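Sharing a structure with you now.
Just so it is clear, A, B, C and D label the chains in written order, and each chain counts residues from 1 on its own.
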Amino acid sequence: MNTYGNKFRLTTYGESHGLAVGAVIDGCPAGLVIDTEAIATALARRRKGAPRQEEDTVEWLSGLKAVSPADNSPEGQLVTLGTPIAFLVRNKNIRPEDYSPLEHLFRPGHADYTYFMKYGLRDHCGGGRASARETVVRVVAGCIARQLMPDINIVTESARQLDDPSPSDTYGGVVSCRVTGVPAGVGEPLFGKLNASLAAAMMSIPSTIGFEMGAGFKAATMKGSEYIDMWNTVREPLTLTNHCGGVQGGISNGMPIEFRVAFHPVVTIPQPVECLHKDGHLETVTIEGRHDHYHIERAAAVVEAMTALCLVNLV
Amino acid sequence: MNTYGNKFRLTTYGESHGLAVGAVIDGCPAGLVIDTEAIATALARRRKGAPRQEEDTVEWLSGLKAVSPADNSPEGQLVTLGTPIAFLVRNKNIRPEDYSPLEHLFRPGHADYTYFMKYGLRDHCGGGRASARETVVRVVAGCIARQLMPDINIVTESARQLDDPSPSDTYGGVVSCRVTGVPAGVGEPLFGKLNASLAAAMMSIPSTIGFEMGAGFKAATMKGSEYIDMWNTVREPLTLTNHCGGVQGGISNGMPIEFRVAFHPVVTIPQPVECLHKDGHLETVTIEGRHDHYHIERAAAVVEAMTALCLVNLV
Amino acid sequence: MNTYGNKFRLTTYGESHGLAVGAVIDGCPAGLVIDTEAIATALARRRKGAPRQEEDTVEWLSGLKAVSPADNSPEGQLVTLGTPIAFLVRNKNIRPEDYSPLEHLFRPGHADYTYFMKYGLRDHCGGGRASARETVVRVVAGCIARQLMPDINIVTESARQLDDPSPSDTYGGVVSCRVTGVPAGVGEPLFGKLNASLAAAMMSIPSTIGFEMGAGFKAATMKGSEYIDMWNTVREPLTLTNHCGGVQGGISNGMPIEFRVAFHPVVTIPQPVECLHKDGHLETVTIEGRHDHYHIERAAAVVEAMTALCLVNLV
Amino acid sequence: MNTYGNKFRLTTYGESHGLAVGAVIDGCPAGLVIDTEAIATALARRRKGAPRQEEDTVEWLSGLKAVSPADNSPEGQLVTLGTPIAFLVRNKNIRPEDYSPLEHLFRPGHADYTYFMKYGLRDHCGGGRASARETVVRVVAGCIARQLMPDINIVTESARQLDDPSPSDTYGGVVSCRVTGVPAGVGEPLFGKLNASLAAAMMSIPSTIGFEMGAGFKAATMKGSEYIDMWNTVREPLTLTNHCGGVQGGISNGMPIEFRVAFHPVVTIPQPVECLHKDGHLETVTIEGRHDHYHIERAAAVVEAMTALCLVNLV
């Protein structure tokens, strides 16, 4: 399933080293002026420090109408028509030749093996569909979603977990997210719970390995009398603590929504590794290509995008 | 959304102190003989030690045909027709009078306030729809799902996190789940990832507060060279470690699927607590009703059920 | 798929000669007082003249709260909670013995053969799931949907097509439906068109064989200059004719929505017919059971219900 | 909703006079070699005789891998990867200047008014999203769907309904479709019926106004004894007649699936017409642009495409 959401529906496509990654957004209301600068800023944040540098120019294909801008700028503004918004970002900095030694090899830690087992064939260049390259379109769509919810503020902090890392290795980390401005009453009972929806949204991001709301795993070690968020005698803030992370029974209570997402280390390491050949034997290979030591700061931009995409489907 | 799944679709209903909880299962193949004993056993495990004891008799309403059994037992066997299976479990041990003092009060830690803010009215008896009572139907449906996947084995361990608990208080814990027999290739890219689907399934269970695959949050503190699951020189098991929990790029690799679910403490504590009155003031109340100190062992039965319901939609 | 709708979601179950037919409605807003009298009236209309007479008592299982009525009637009123509304109607007048000669036979014109080919087994009593008995729950749900749209008026006319029918035979007919009060702008482009949604809703009713909007098949014989609905010089009504049936580009224009549904004759005829035996030979049988000569007037009640269920998901 | 299908999911985008029309296909199995010639042929048939001539070159953006062809042709073959297939067809022959007089006018018979009422703004050029231009992508996707069902044969006949048409006017007609090779057992009970699915698919095509299976509206005038399709004494064909059009209880019986689709006349006529101005007054305008007198032959190509898209989601 390459579609996310049921109201603001994002359908994405594109392989890492194919022509383009792109998407169709169905369900965006008419009349929104697209903030192309905010999108450029978010894309720059997503690729900051990335070894593969792309211009990430968004080509808008449909769903928009150019209108004369107030400030007479030559380009005009793009206004949504209510019809599907299609856009793509071309993959310019492609080096498929880097990947030709990997044609019949499954790298450890990657999705090479699982994609092959599922589909019987795969795009061996740079992870194909499983590459984090596809998060470009999530960031674009997330920006549009945020514009639809001007009262909601999404802030992340990313934390590297090792103080003195070895430069010949790779690392993960934790992204903490805090959302303010979500009114009480958002989320659906049972299978459309806000916390379950956020969990699914976060775990759909490449490299994620854990999710927790509020006090999270620590809550499992607390007593009920410590854990329960008691009512405030005044109504603002609503509760004295926020161990539940702003969600009770799957529905927001108006407190900040707080959650943390764990990312495992980058799975391409700058060292020789043993790859599994299609025929079953192992081959030691040093993976070429351009890869991160850290991705946690860049991942934070994707966490924010997915948070926005999750919320815009519920509010 | 009270429906789970897109192939084996479970639609549930029922309030905690209403007439019944029940469900419709749409998409179960024809020809399956229902193992009613396995269902009874799972239901007994779900209610073991619960203060509110119910018989939990399943009434089958549709989708089944009684056929003459091989062993000539008088009752016959129930075989699925391929049409929707409807069943209900009546709520016999109802004591709405326990809850009348709570009619205008929102208990701390519960979903009373959020349901009221969402719907403008609520069933104040025992949590209504938000009560864990609804997990009865998940357990029934989970048993049927397990029967459809005889080669898949789902095992849980529940761990209380405090050694010397105070009997006047309540506790949470962690349920670890290990699934064997899932072949490589199960799960969908991007938004239908197996790990994301499991996360959503688990976080839909009442009292859950965290989810992690394999090494989980600990993976965020590891170096890539430690984290990556290296290929085994022999094919069984496939990798030397299983830090990823058996899922790569959202798709199973054939290793055991391993994850952990954190549960916060039971939110009804046997102590006086301050409740928020609809009018805005606080009132100190000792909540009557029958409640757990621990729910972690019972929760494990629900974790297994939701794991089965998740997998039956993907395999 | 036994679920209809994506906002007001009706999931139905039940075989014709099983214990009950019933449904779960998910997505009905909170605070609606159920008009149980309107439901009883619609059910009476659906069964009027039917050879199999049932009481059709609706048992409400969940999603409702009894509140003290304004008029102090003893029973109180049922108000929706916003949670899933479950109800069932028991099948009291069951005579499975009428059907035992049919256990291995496929009647002509019925769904006996197709269900068997799909599922490999079937409930041979009275059509099982394919029986029009299941429309009882559509009528109940349709009444609730109508209550949610008090400004929309749905009226049908049913027309028998033969003047002098032979009493030893069966007949079909056409139901014309006219809906007023639907504002302009209802319906979705492309695959969620109002006319396409109505077509699917109508063709889901047992015995339907044709659907047309406005001028319908006759429009295929008209010239453009005759067909096009010209604008009125005054705005009410909007157009001088309504050949399009009130829908343009899949979206309502505010004119009455008009369509016609063709029903083929009742497929159980009171004559000996050749049935196909599972083994491949033909057997002449006179079908017992209680069957209609006409069903068109009763079908009109179902057309109205499905129209309401269609519209409540779009407005 | 601009997405069709739940297994083979087609999400489309694009306005008539925008940059491109295009789509994403999610759910196409891996390993299919795309027959680009069959696609070119179908596209040529769709645009045959159309006043606006386009090259309709398909640009493939993702989901495909070029493999060395058996015949050493320089271009290679495109094989599906199992990931989303994205493609677009650029709109080259755009003349927005033809439409500028229509910026504030609603043409009669078109969707101008309804789109404006729904969205509050619209693309006034050539019908925007409501134009039949979008059927280009349905034809491309339909060809891929047909390739997935090599045993199923879809044939249409288009019938103009007037013998001596006036060249200064426009016309509709009826497309008859006959599908062979569909095995018994295809289709779902109740709301996923094969006939209901076909009805929705057909009524989603621009200009459709009626749909009937088998004997259709004529069946409403038949007696049951005439209508019922009696079993053949030999098994091939299964029944002596096919009044039901090959579907019983919503499920195919293995007979040819037969249905007819009525198209109203082209709604742009080469005559002065009164348009409704946004401000409420009428203005007489002769619509420029390039338009058909007949579209029924071209519509047949779209009927075949939608039939294929409908079936590929059910078989």
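Operating definition for what follows: a residue touches a chain if its C-beta (ideal position, glycine included) is under 8 Å from a C-beta of that chain, and two chains touch if they have at least 3 such contacts.
Bear in mind the structure is a predicted one, so any value in this text is a computation, not a measurement.
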| item | value |
| --- | --- |
| Candidate from B-D, A-C or C-D with the same interface as A-B, over half of contact pairs in common | C-D |
| Selected pair, greater C-beta contact count between C-D and A-D | C-D |
| Subunit A and subunit C: spacing of chain centres that average the CA atoms, whole Å | 44 |
| Subunit A and subunit D: spacing of chain centres that average the CA atoms, whole Å | 36 |
| Centroid distance [mean C-alpha coordinates] between subunit D and subunit C, Å | 27 |
| Junction residues of subunit C, two or more chains touched | 1-3, 12, 83, 118, 129, 189 |
| Complex contact set, residues of subunit D against subunit B | 6, 83, 189 |
| Contact footprint of subunit C on subunit D as seen in their complex | 1-4, 12, 106, 108-111, 113-115, 117-118, 127, 129-130, 134, 161-162, 165-166, 169-174, 183-193, 195-204, 206, 208-217, 219-225, 227-231, 233, 235, 238-239, 243-245, 247-254, 262-269, 271, 273-276, 280, 282 |
| Parts of subunit D lying in touch with subunit A, wherever the complex brings them together | 1-3, 9, 11-15, 18-24, 26, 30-31, 61-63, 65, 79, 81-86, 88, 118-123, 128-129 |
